[in-house]
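By letter and in written order, the chains are A, B, C and D; residue numbering begins at 1 in each of them.
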Amino acid sequence: MITAVQKPFDEIYRTIQGYKKLLILGCGTCVTVCMAGGEKEVGVLASTIRLANQKNGVDMEILEDTIERQCDKEFFDDVKDKIQEADAVLSTACGVGVQYCSELFQGKRVIPALNTKFYGTNLDVGVWSERCAGCGDCVLEKFGGICPIARCSKSLLNGPCGGSQDGKCEVDPEIDCAWQLIFDRMKELNMLDRLEENEPIKDWSTGRDGGPGKIVREDMTL
Amino acid sequence: MNRESIGVIICSCSGRNLGKQEIDSITQRLSFAESGIRNMIIETALCGEDTLKSLRNEVEKKGISSLIIAGCGAARISGVTEKIADALSFAPSSILGVPLFYSEGAESEKNKLGINEARVDKAVRGISRGMNVLTSQEPLEIEEIPVVQRALVIGGGAAGIYTADALNRFGHETVLVEKKDSLSDYGIDEKKLKDLEGVIIHTGSSLVSLEGSKGNFSACVKTPGGLEEYQAGAVVIASGAPVPADPKKYLQNRFGSSSAVPLFSLATAYSGLPRIPSLRRIGILLDLDRDEGRASTQMALHAAQEIQKPNAAEVFLFLRDARVGSLHLEELYDAVRDMGVTIVKYSGEAKISSLETGLQVTVQDDGLGVLTDYTCDLLGISPFGCAAEEDDPLSEITGVHLDDYGQFQDNNIQLMPVETNIPGIFTAGGGRGEVYSPKVKQEALAAAGEVHFLLKNKTLHLERSEAQVDPDKCILCLTCIRCCPHGAMHVNREDGVAECSTAACQRCGICAGECPAKAISLPVWTDEIVLNQL
Amino acid sequence: MNTILIIGSGISGLSAADFLGSLGNNVVILEKEGSIGGKILSYCCKATDSCSRCGVCTAHEKLADTLKKKNVRIITGTDIKSVTNTGEKITIKAERKNPYIDQQKCLDCGACAEACPENCISVYRRGDAVQYIVDYSKCRLHKGQECDVCMKTCPADAIEGKAAVKPLTLTGSDAFIATGHTVFDAAKKPRYGYGRMPNVITGLELEEMLSRELDFPEDVSDVAFIQCVGSRDPVLGRNYCSSVCCAYALRMARVLKYRKPDIKVTVYYIDLQAFDKTFTRFKEELLSLGVQLIRGVPFRVDELESGKLRCMVEHGNGDETIAEHDKVVLSVGMGPDLSSGEVAELFGLKQDEYGFLSSEKSNVYVSGTCENPQSITESIASAEAAAVKIGEKE
Amino acid sequence: MEKKIALYCCENSAYKAAACLTGPELQKGIEIIKLPCTGKMEINLILKTLEQGYAGVLVAGCPIDNCKYIRGSSRAEKRIEKTRELLKAAGIPEQRVRMEFLSSVDSHKLAGAIKEMKQELEGVMS
């Protein structure tokens, strides 16, 4: 799942100044699950902005809505009119949703309310943790299901750096050293010998380094 | 709910609450005719028996199906609405009480004949709000849930046995599950055990899964003969104190010496034996990892007495405080002290180090105010003072919360003595906290009482006012399932949405407050209804 | 259906009534005082932002729940005159003081309190519970005069009685004794100066203070609790631990610190009795708040000219602690109720050397603090346990 | 402008305590709203109340470990904390939202909290 957090309020508030009618548009999928941009958060954000406006004597009408996903165009049908009607859209979707919304509604200002973070898991209520970096060439099989690219601060593929101490990362002692986790897991799986193998230099072009990604499934295209 | 079916009662009891003129003023201001409410009944002495009778007739005649009752103070109004709901056989949510506070009491005397605007205002606002609430909600169905006439008791120690015994006497089919190969006889008089005839007993068995909710649990019990499935209306957890699984081994590992033994094996090992020359100094240590209670103190005092009696050895009793808070424990404590047992009250942590033979106990002696070493040939340690190595798996299986000490039941007064966070599951005895032996039986009986109270009704009549999940909005983020303190939310796999159990839901609305998709609402307490009160 | 007679309307009696009533029994509670609830009425809530699990609120809820039960009748102001018990049937002859207010019929309109010419009727309003309580000592009826003002005023016919007393005869199958306790009379320990020194108060008095007032007196900045007053004291013939005093003293110490963070609080004790499920946590919290726990109780309390109270404690090693406090709270222990002897005689109960009750009769049950000192939750458990035994008989 | 306070009360504790409040000065400018549990109290409900022109929102629930629903009031506490952060970020005095813990028998604590809040609001909203 894509995770995100809300931008600081003053940053959001600065960016929406000057619009008379603002639509706050929530997204009902990933960012709802990570409690950053679902219907509830939209309501909270809308109320906070209204209160700030009241205080600052700003005249601004605020509309609220939440659609299923902002990364698929059909879902925008329900809010088409509202978007047209508004001077600007404050989107609480991830970066994908914000872009897609402004792509679909050319000429409409679409402002992000969130900072998109990572692909992660919901460890417990209110806690999310990164698990995947979307490198395009999965190596999890080799490392006991623990990703050294996403979870090692330095994305090292051939063992830990010298900064691993007591199982913690030198970047931040709150972070578990991914290589310690990999070692422990492989030991548990009785596969430590696999770690002896040298991992060749990774071809990063399958991921971000190869330019913007695109997937085309020929069998699926109409 | 349509407006014609709403009746409004303004209680004018004694003319003190609201005078005649005030009631007229309220009627006028509410303009019932316009708002479509034609049913307006004014009664005096609302909750008198006679009034209830005439009220029943009136309600039937006018086809009223929900009521607003304005009267009384807030403290009394819920009692009044309950009483009237009961008398009219109305669902609780279809009667709303609007309390008219008495704070302006002194003024009322002065204005008895006139109109107190503040009071009228309050009544008008209250009643209008009530109408908004009632008109915005649909009448709720009542669900009838059959209660499985069987109880499941986990744990065959004193608490479990007494619970099972009492349930058996009440005539409820009872299943008793014990991990060990036999039931414990500690703290029980022999006669009792025979009375368990009729109870289905599984020894050497454990609960492996528990599904369902209050009135309808289904349990899977692993027995030596294979898996057994049981339906049960209620469950009692009486699994005993969270102590290291094998205290003897635990203590040996922890202190690297075989001279540290569990307290309860100390007295038995020593009783009746002649003086063992090599064991001259025997220590008993309480409050190792945490402060203990009366049960441990009693056990320690008995052990000290047993050992000291034949003057077999010199006994040292180390404790932070003597927990003698019960009749006759003080006397026992005095007796033990008078026998010559050295009682050392310490503060802070006790340090134990292993010697070539025996152990050394180093404590800050609170009486002398100095750090003192004591060597012991044998040291009995109360396992109740040791933190358990891991949480009881029963917590995971049943969903019953543990407290900071790994004991069943949250440390919450509303649950005490025997309730847990899961409706229909109760707990008694050492598993919920150290309990002094005479109190174990009381707790067990109290738990049995609660179970009986649940099972004596063959069906539960529950208003469908549990949390409602909007399937179109639910994205199954699992927040509600993780947040619900009562284990009432679960995944409906067919529809791929969260679902709430009518019987387990306690109507608190925590899930509604958490849901990031605003998919959950509590019928009697939707946001509109709450905001309507403003 | 059986009728069960409960003697005493404290937390234990109410819990039993609540339970037995819910099972469908007819229950009659006889209460000696003019109010329902016994000792809990004067106890304070001992929560700060977090609850310390004293149970006072749950006790009040029990009171309110019981008042709502139709098959439970509560008769206040009752003196029991005689009891006959055939083993199957118990007959109690009693005298009820008038005016008698039926709290279950009362509509809380306040008319009686306003109408009473002697201002005898006061309102007790706390949590869910509302009660109108008659002060018989001021009432005209009990001064030999005629009066029926309150009775006539009541719109709900909840007040009864023209004569000062009304004889009652009650029968039932079982009797449930829950007559409660009386706290130790601190004046019997003259060394602590209770009654002589205005700043020496009992724990019970502090409870009342905290239950009504938010602010502790301005000039009080140093409070000490002395534990075991009238408990663990063979000289006084009370060689037992009252078990609840550490609980209430430490809880109130925490409340004092919460309401007035600068206040100095000291607790002098012999042994701290663990009372919470996770007691060590509770103790750690107290210490972190700065509550001083000192082992050893003062030998005496002296009032200095400055008005301060001096406490001197001698420790096991001969050292002394001398400290001055503004207020000293004596943690008085529970003892058997003053009426215990009488009750024992009426119902044929056993009394132990301290005066606590126990029953050997098959249809008479004893529970709560008349049995031995215990906390609110323990009282609830013991009442329910005894009630279960009655329930089982059917 | 009259400084009205919306008093959201848990029906198990604070609502009962509020019912026992006497003294008209405490009830003037106070709107009492019943909740099944403060765990039901959503951030947005508080903000909407402020939007409606209330000067303050006082949420009164059971003390921690006294909540009939185990964790309702501790959840409320966190949400109120979050709300205050939001208000602060938006340049609105956070004193306008407050949480109070009290049991059903602690009416005087509620009275004290209301009085205190009124004074605070007087200070920040003049």
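The rule we apply is simple: contacts are C-beta pairs under 8 Å (C-beta built on N, C-alpha and C of every residue); 3 or more make two chains touch, one makes a residue touch a chain.
The structure displayed is predicted, hence computed values, not measured ones.
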Going by C-alpha centres, which chain would you call the most central? B
Based only on mean CA positions, could you tell me how far subunit B sits from subunit C in angstrom? 24
Note: subunit D sits from subunit C at a C-alpha centroid distance in Å of 32
Using mean CA coordinates as chain centres, what's the gap between subunit A and subunit D in Å? 35
Which integer distance in Å separates the CA centroid of subunit A from that of subunit C? 60
Give me the residues of subunit B that touch two or more other chains. 73, 75, 102, 105, 411-414, 483, 514
Hey, what residues on subunit A touch two or more of the other chains? 40, 43
Multi-partner residues of subunit D (at least 2 other chains): 16, 20, 22, 42, 48, 65-66
If I apply the definition of touch given earlier, which pairs of chains qualify? A-B, A-D, B-C, B-D, C-D
Give the list of subunit D residues in touch with subunit A in this complex. 42-44, 47-48, 50-51, 86-87, 89-92
Applying the document's contact rule, which stretches of subunit D touch subunit C when the two form their complex? 13, 16-17, 20, 22, 62-66, 101-109, 111-112
Subunit C residues touching subunit B - in the complex, by the definition given at the top: 19, 22-23, 51, 53-55, 57-58, 64, 67-68, 105, 107-111, 114, 125, 127-130, 153, 155-157, 232, 234, 239-244, 246, 270-281, 283, 295, 315-317, 319, 352, 354, 356, 372-373, 377-378, 380-382, 384-389, 391-392
Considering the complex alone, what residue numbers of subunit B touch subunit A? 473, 475, 477-479, 482-483, 514-518
Across the complex, what residues on subunit B touch subunit D? 73-75, 99, 101-105, 118, 401, 410-415, 421, 483, 485-486, 506-510, 512-514, 522, 524-525, 527, 530-531, 533-534
